[in-house]
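In the two assemblies presented below, chain A is common to both, partnered first by chain B and then by chain C.
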Partner chain A sequence: MTRATLQRWLDDKGWPAFLIGLPYLWLVVFFLLPFLVVVVMSVATKTTTAPPFSLGGEHPWISLDTYARILTDGLYLRAFLTSLVNAAIATFFCLLIGYPVALGLTRVSHSWRNILLMLVILPFWTSFLLRVYAWMGLMGKTSWFNVMLTDAWNFLVPIDWAVRSIPMMHSNFAVILVMVYTYLPFMILPLYASLERLDPTLDEAAMDLGSRPARVFLDVTLPQSIPGIIAGGMLVFIPAAGELVIPTLVGDAGSPMIGRLISDEFSQAKDWPMAAAIAVALLVLMVGPTMIYSRYQAKAEGST
Partner chain B sequence: MAEGAAQDAFLRIEGVSKSFGSFQAVRDVSLTVGKGEIFSLLGGSGCGKTTLLRMLAGFEEPSAGRIFLDGRDMAGVPPWERPVHMMFQSYAIFPHMTVEENVGYGLKHDKGMSKADRANRVAEMLELVQLTPFAQRKPHQISGGQRQRVALARALARQPKLLLLDEPLAALDKKLREQTQFELMSIQARTGVTFIVVTHDQEEAMTLSDRIAVMDKGEVRQVGSPTEVYEFPNSRFVAGFIGSINTFEATVIARESPHLRLSVPALGTEVLARDVAAVAVGQAVTLAIRPEKLRISRERPEAANALAGTVRDLAYFGKDSLYRLDLAGGGMVQAHAVNARRGDEGARVADWDDAVFVGFDPASALVLVT
Partner chain C sequence: MKRRPTFLISVMIFGFAFFYIPILSMIVYSFNASRLATVWGGFSTKWYVALFTNDKVIDALILSLKIALVSATISTILGTMSGIVLARYTKFRGRTLFSGLVTAPLIMPEVITGISLLIFFILLGNWIGWPASRGFTTITLAHITFSAVFVTTIVHARMLQADRAIEEAAMDLGSRPWQVMFDITLPVISPAILSGWLLAFTISLDDVVITAFTTGPGSTTLPLLIWSKVKLGVTPDINALATLMVVTVGLGVVAAGIIMNRAEKRRQAEERLAFQRND
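Moving on to the complex of A and B:
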């Protein structure tokens, strides 16, 4: 092969293939291979060696004990359930708060829009841990926030129901509250992106044909923003379901979430196969909704 | 217009103005439109025609003045309660609904209507705009011309008293536009709905409308039938906006009933024009003549007005030719000649640099004061 033909091959095929291949290579090396390692680990057997698992030799190549335990041991099932319920509630409230905010963003002047969008993103400039600690301070029994709420509660309810302080910390309530706070921008931004694309004359057309504003919203705005709702929902639900830090810091240790369980199995129980199996199970649970989302996305893109 | 006629008017716009901050988009517009009329608001961009239309639809409230529709004062009536529907320039078809759902959308609000009646009405509308085979399609699966007809059917489905059409043909290509023009007129004739058309295209306004209001800078400059605004424009603006026209500065030197004798320096001669009552001898006026009213000949014509000149430019358009002539007085005129016979274009009346004459009737010469 001469230099010129090599050059031509590079220009025609080599460079494009390289550029397209690079991200895939990245995914294979840093996602697919580690994931395979986790899958293999999940069917291995726990040992006291280092690393603390083995397969083959005196142990079976494939042991499904870990998966059997997930399905039979109430602890794991409860943790999955707690995670999914907490994530679903957090997603619901993010949508409830985020939708009006995103819709409002599309209705204000452009200069205001930039300022308000900035404010939505602003919390990311502070450390996530710091913000969770701030919430812990606020929810603590002696904080001004708790004292204020307690006083208000005691003022409003009969004397028999009076409390010394409101037990917010170490509860699912605290986990959901902090998750809503943390993930709200992930709901607002995709919703804003989808609402911002809508043609305002469609609203006028619906109004012109006899719809009051509330009806216009239900008939025109809401159906067209479903892709944004799904995208925002995914961005909140998936990380919320696997959340580790928030439940560890503000959650109820008696009803752990799945992220906490994975972490404990790895670091405390040193049961790597079990931790890996939970991780795989969580991933399978999350892949379902993601597939539905991509199908919807493909359908939506086909129609524009 | 007589007081009695104004009372009978189906749509009555009384002294309507609209300001956005310090910008006055519409200034003191008064118009009356009869039932079943096709009425056009014609003007360039920013002339206030769209703002006026949006006030009729209820999207904007007038800053001053009142609008009466079928005797009812529309002040404070929101868009969803007006018996007025609009065909938007962008068509504004709901992309997530089928053609059928789009057409039936407004009917959902008619509580008294049964499901079967609604379905019948939708089918009837689809039939009217010849879209029956496309009922189940989504908007992105049909052509631009078909989308336009969906928008029309949707706006007509609830039998509005008034149909507002915002640049109805602007998004269509030339061939389709001509065809659609006639379709719109026949649909209007069949339904009897009063049409208000906003357009910047004077040809579109001329072919579609029963009457035209020519607008400029928020004001109505002239209202009349297409013939009236074309043949008897009341101002230089209207004369220049509708069609092309030659204009010259002139002075009235004598009244020779039924004509006026004008001195026109640019033409190098005196000219006879149709008398206009509102002009006094000695007054400075504008003489205006449409290019197709001028006849080009090699010999001095018998006509009352004859100008001598040379051909500076000519353009052949197929059905007609346009000549530009330098006149003895230093002015320039444009003249249209219809190529009525094959062969005319070869043996042209005149060629470049030929000395020719142009003749015109006094009746064709317009005297404009403003």
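Moving on to the complex of A and C:
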């Protein structure tokens, strides 16, 4: 009898508790807790002890000093602005290139489609760092790519404007270019998913009713793909705004992006509370885009 | 489709050229004899030879593979559990927080995840003496955490498609819940688990930012080694290393894609056959 009760309890309560509890506990310990530590850290006071912060005692329990500095010091505001603008421009160009590619993918034959989709996904699996590195090779002053662009530029413009090489590295241009390059698959895949499900007979109906192809696109295809555009856009914008690797390798040290600033405040300035406060501020800024993303992602996948 | 959409085709050609020209250029220059990474000085394989005799590179590769193996396996177990939970247990106390916790790491900028784990590990070490130093263990714990949520996403998506009736039939026939899971659920979603493991393995093998924050002295993974050299500029030996990695992973992905595609086709054919027999 007790054995049967125990077994019932195990089946009804014990097993679900194990399935839910183990991953739950893991994420609470290794994700939620560290994150809460950061939130608390952001209101602590920087000290010269080890670890370099203090909370309570001779310092206030809650110091909003860090947040005040973010709002008043031009360095932080500029970094936020640079990040958001760079991410927005990168998102725009991803859309500009990604949309026609995704639309093209839905129009090619089935066997081609599988091969091309594979080619879109492949960079996902190859090292992110090495994809950034590949562009460092292309953008350098003596690379064939830069030489080619320089020659084209010198050929096209009057002689006074001629340059010896095009300064691509260590600029916001380089950051945006490499972000477009590395994040383009994030744009193409959701767009493809939403475009693929469109009913081609709608296009044909509009065509039969006398619409020109450009009109059909604007009136029929584009409105229906807006959830895909927004989902893909957020999927590029959110990680691009917090990017660290790309601005560190190809960016302009004079106008740092927010990810690099967090890392520098932490590792070089040893100002943990400041790094934590910038991190919290970045997350607060990303709440809006994230909510928009989760709303449209479901629509783009067609579940609602 | 009979019409030739010239505009679409030209953008696609541009798009794929944009994708692959930098990588192809890197591959070509890895065979460059010149020390200057961007000036062609004839064909040579000397950078590959230098790579294979460089102990630092070999050690970093071994460490990366060890971390990737352990973290991919544990994160696949955790991720599969939470993927099943998300799809099958729709009501339990704290479910909202749970589903938040399995999506938040996907959106969290890596630099924040990295810093929060580093601060956490340092404070924990001060309070309870563990982890005493950072290295293999802390990197692996960090990798498990963020790759588990990717596995969760894949398994969750597959679970939503899986036919629940088979599980219910097994329950009705008297199977205990874990028997149902091991005999029915896991075999049905095994392709998703496999792709989850592969993704977790690749993510771990590839990660720079979170690893950079959770590592300690003496624990240099391959991406960290590359990161420290790449910060100083383009070098021919990194070109060679990059080529080996890109080609290995590329071939692996293509092979896995072909195998999975075939398995999926066979499964569909068998399902069709089974339904025909039932008619």
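Convention: the second predicted complex is superposed on the first by the 259 of 304 C-alpha atoms of A that agree within 3 Å, B and C clash if a C-alpha of one lies under 4 Å from a C-alpha of the other, contacts with A are read in each partner's own complex, and residues count from 1 in each chain.
One rule holds for everything that comes next: contacts are C-beta pairs under 8 Å (C-beta built on N, C-alpha and C of every residue); 3 or more make two chains touch, one makes a residue touch a chain.
Everything numeric in this text was worked out from a predicted model, so none of it was measured.
In the superposed pair of complexes, A:223 makes contact with chain B only, with no contact to chain C. Once the two complexes are overlaid on the shared chain, A:231 sits clear of chain B and of chain C alike.
When both complexes are overlaid on chain A, the residue A:103 reaches chain C alone and has no touch with chain B. Once chain A of one complex is fitted onto chain A of the other, the partner contacts of A:204 are limited to chain B, with no touch recorded for chain C. When the two complexes are overlaid, the chain among chain B and chain C that reaches more residues of chain A is C.
After overlaying the two complexes on the shared chain, residue contacts for A:27 are found with chain C alone; chain B is out of touch.
In the superposition on chain A, A:122 makes contact with chain C only, not with chain B.
In the superposed pair of complexes, A:175 makes contact with neither chain B nor chain C.
In the superposition on chain A, no contact is made by A:281 with either chain B or chain C. In the superposed model, A:191 lies in contact with neither chain B nor chain C.
In the superposition on chain A, none of the residues of chain A is touched both by chain B in one structure and by chain C in the other. Touching chain B in their complex are the following residues of chain A: 199, 201-202, 204-212, 219-220, 223-224, 303-304. Chain A meets chain C in the complex at residues 7, 11, 15-16, 19-20, 22-24, 26-28, 30-35, 37-38, 41, 51, 97-98, 100-101, 103-105, 107, 114, 116, 118-123, 125-131, 133-138, 140, 142-145, 181, 184, 238-239, 241-245, 248-249, 259, 262-263, 266, 272, 275-276, 279, 282-283, 286, 290, 293-294. Those residues of chain C that touch chain A in the shared complex are 1, 5, 7-9, 11-12, 14-16, 18-23, 25-26, 29, 36-40, 78-79, 81-82, 84-85, 89, 92, 94, 98, 101-105, 107-113, 115-117, 119-120, 122-123, 126, 141-142, 144-145, 148, 152, 176-178, 202, 206, 208-209, 223, 226-227, 230-231, 233-234, 238-239, 242, 245-246, 249-250, 252-254, 257, 261.
By the touch criterion given at the top, residues 57-59, 78-81, 84-86, 88, 90, 92-96, 105-106, 108-110, 138, 140, 154-155, 158 of chain B touch chain A in their complex.
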